[in-house]
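Per-chain numbering from 1; labels A, B, C and D assigned in written order.
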Amino acid sequence: MVRVVVQSADFDIGAEMAALTSGRADIGGIGSFIGTVRDTAHGARIVSMTLEHYPGMTERAMTQIAEAAVVRFNLLGCTLIHRVGPLPPGENIVLVLAAAPHRQAALEGAAFLIDWLKTKAPFWKKERFVDGSEAWVDAREEDDLAATRWGVL
Amino acid sequence: MVRVVVQSADFDIGAEMAALTSGRADIGGIGSFIGTVRDTAHGARIVSMTLEHYPGMTERAMTQIAEAAVVRFNLLGCTLIHRVGPLPPGENIVLVLAAAPHRQAALEGAAFLIDWLKTKAPFWKKERFVDGSEAWVDAREEDDLAATRWGVL
Amino acid sequence: MKILYFAWLRERVGCGEEDVALPEGVATVGQLVTWLRGRSPGHEAAFSQGRLVRCAVNQDFATPDAPVTDHDEIAFFPPVTGG
Amino acid sequence: MKILYFAWLRERVGCGEEDVALPEGVATVGQLVTWLRGRSPGHEAAFSQGRLVRCAVNQDFATPDAPVTDHDEIAFFPPVTGG
């Protein structure tokens, strides 16, 4: 019911959607979010983004977030896949799927999952620019704000 | 940038996602919603749902909704696919994709698109129950309420 | 004018589409509905349910006071339930 | 105890993981940080940036007053930026 994966390979949204929904007809809606690597950051062109994580704690935190979402929105299932390693612009970073009997829970479940993932799962992004320089991405205050609207874990 | 389709065949979310995002790296997030046929309605088991539409006006209304979403949320693109004809439980009904530079616009764009589609695009659902009886689905007041939070067209 | 019916209105009227010459004294959607109700028991059943009927004139949503002409495509249908 | 560093803390310290015997007088995360800062210029640079450092004890987020023991896995890292 809760599927949590950290991997360097890309994911296949069609296959993940099928795995989440196949063989059941109690689902009325699936909300989804995919995050992708943009080619610019603060106006500068980036050539790649590298995702680092904390093996063990990351999967643990993602599972806690997913289980909290299932309880809170009465989800029938959810999927959280996050990639790690170097990723060029245009590549997928993260996939969130939330299945529910009706659309509002599915959409809110997906929004909750990505908001919490962004503030509570131990991943860090480093950007590499065209001039060869690199910089760790700073946590964004608006991400913390977005997460606080859901209250505390 | 705006892709609107009414079809009886199923859609392929992977292919639609690729068509929306391929060759560009200015997208940071894609919000999505898929609506599916549930096997129960008001506690009764249904064997199929039939979707009727108003050819011409439906595509026109969907295009207006999609273009309004692009302007309102600064979307980089969006896709609206709605199926018609008889559909058994578990089948996909509708696909919404909204691509934006950042996640909030992508998620809100997808929510707006499905809320408006449900209240402003001329589709009608008829449910067929196990006992052979059929009934047109009544418009839900909560769908109208969901749409009003976005204001008027 | 072309008149279209969808969903349960189509079932009550008994057809999905009919061509009608603009009746005398009919200049608005509301007046057209009044005229249509006298056309057959099916039409009467379609429009007299006390249930909400929506209208589109030339594929845009329209209110009862919207004007109609002989060249218009007028559609009647229940509140929409797609998505 | 096992101590882990991630992202720019790892780069400043110069390694991602080190094993340390629980130092005398260290009973909390805050006391451990004070002790670590004296361990090398890299450690000092990692913890003295005036930038926010997060901590996890045994893979749960922890505050400076959280207790630490010799058998714990303690991780230090910047605020998270995934998603």
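Quick note on the criterion: a contact is a pair of C-beta atoms (placed from the backbone, for glycine too) under 8 Å apart; a residue touches a chain by one contact, two chains touch by 3 or more.
A quick note: this is a predicted structure, and the numbers were derived from the prediction, not measured.
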item: Minimum number of chain-to-chain touching steps separating subunit B from subunit C; value: 1
item: Farthest chain relative to subunit A (centres taken as mean CA coordinates); value: C
item: Length of the line joining the C-alpha centres of subunit A and subunit B, rounded to whole Å; value: 23
item: Distance from subunit C to subunit A - Cα centre to Cα centre, in angstrom; value: 48
item: Computed distance of Cα centres, subunit D from subunit C, in Å; value: 73
item: Centre distance in Å when subunit A and subunit D are each reduced to the mean of their C-alpha atoms; value: 26
item: Overlap residues in subunit A, where contacts from two or more other chains coincide; value: 35, 103, 114
item: Residues of subunit C touching at least two other chains; value: 83
item: All touching chain pairs, where touch follows the definition stated at the start; value: A-B, A-D, B-C
item: Residues of subunit A defined as touching subunit B within the complex; value: 12-15, 17, 21, 24-40, 89-90, 101, 103-104, 106-107, 110-111, 114, 146
item: Touch list for subunit C against partner subunit B, complex; value: 4, 6-8, 52, 56, 59-61, 75, 77-83
item: Subunit C-facing residues of subunit B, complex; value: 35, 51-54, 56-57, 60-61, 82, 93-94, 114, 117-126, 136-140, 143
